[in-house]
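A, B and C are the chain letters, set down in written order, and residue numbers restart from 1 in every chain.
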Amino acid sequence: MYQTDISLTTHGEGDIIDLTAEVRSAVAKSGVDEGLVNLFITGSTAALTTIEFEPGVLSDLRRALSVVAPNDIPYEHDRAWGDGNGRSHVKAALVGPSLTIPFRKGSLLTGTWQQIVLLELDIRSTRQRTVHVAVLGS
Amino acid sequence: MYQTDISLTTHGEGDIIDLTAEVRSAVAKSGVDEGLVNLFITGSTAALTTIEFEPGVLSDLRRALSVVAPNDIPYEHDRAWGDGNGRSHVKAALVGPSLTIPFRKGSLLTGTWQQIVLLELDIRSTRQRTVHVAVLGS
Amino acid sequence: MYQTDISLTTHGEGDIIDLTAEVRSAVAKSGVDEGLVNLFITGSTAALTTIEFEPGVLSDLRRALSVVAPNDIPYEHDRAWGDGNGRSHVKAALVGPSLTIPFRKGSLLTGTWQQIVLLELDIRSTRQRTVHVAVLGS
């Protein structure tokens, strides 16, 4: 199993980063031809998924997440800890921290309009994030 | 690692297909006795999950998804591209494209009332879909 | 591949169990130093995710799930089967049954405030649950 990390800086709540090129590069470096790549984001206020990396639909996704975790309601988490990021935790738990994606002949089997993305859901103006990448196969 | 595809035709927005028998068949063909099967749907307007394959609860799931991505609101994606499927992308990103399921002695460890399903979320009347299957173990 | 189970009793709708210590213990028992651990919950009315295991934010998560699957609306599933747990199925399908988490030198790459949790979503007062654990790597 080949393991590596993708390290990046995010720029505030709602930032969405396209990881596809870096995941493709990790698969290439692994030397594995056919297999699976697992991605995992450490931390409880960010999440991983796939979506078309197009500004309009990214806005639509942000709006949808705010239906279940609006900005303008009180959170028990914020009452207890004063963090102000209760909504960030809730959105991250719903979307989830892990993705596993197949590849063949070194090519990810994602669609042309299906990018691998990191959702920054926390409220700090910048954050360092690490996505763990594990490649297995033959 | 054994890899294969499940190819199928879906019939419009809200179609939900039970993939359990085909996944079981792929595991049997792999010859692997104990391991994991990863499923991944290519494309950004469909998703994979597990649910009881019962018409009532499938309707309930469709209704729930429409709470976060209703039919009757404007989408930035549709404004930019005129696709009309902004809601499809949003639902797919929330549910997610991948699942990993264990099996032992060739049997999936899903429950009796827990089926593996493809959610067709796009608005075209028919679509060809490919679910990639990767089996690993010993 | 090393496989084991985590067996536990849950205590009603909304119970959330921290599985992190048991997952860590399974990884230790596997003898694998670097790899991936896959978790899968059998059954269609429970789910797995990661979140900070803090009572406030767990309440916030329950509230968020009730936005898409409220207690006080009719469910087609309940009409057909009289189970009363239509909302449980819907929430479980949205959060999902599987998680795959990397580890290195025997340590899970989860964050300090990121616990692995089982969400009990069913309405029975107690339930036996089994989480399947598969460890792979070298």
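We take it that a contact is a pair of C-beta atoms (placed from the backbone, for glycine too) under 8 Å apart; a residue touches a chain by one contact, two chains touch by 3 or more.
Quick caveat: nothing in here was measured; it's all calculated off a predicted structure.
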Superposition of chain A upon chain B: rotation angle, C-alpha, nearest 5 degrees: 120
Self-contact between copies chain A and chain C, residue sets same or different by half: different
Chain A-chain C separation of Cα centroids, rounded to whole Å: 19
Interface hub residues of chain A, defined as touching at least two other chains: 67-68, 94, 96, 100, 136
List of chain C residues in touch with chain A within their complex: 34-36, 49-52, 54-57, 59-61, 64-65, 67-68, 94-96, 99-102, 104, 109-111, 113-114, 136-138
In the complex, chain A residues that touch chain C: 1, 3, 38, 40, 42-44, 67-69, 75-81, 86-87, 89-90, 92-94, 96-98, 100, 132, 134, 136
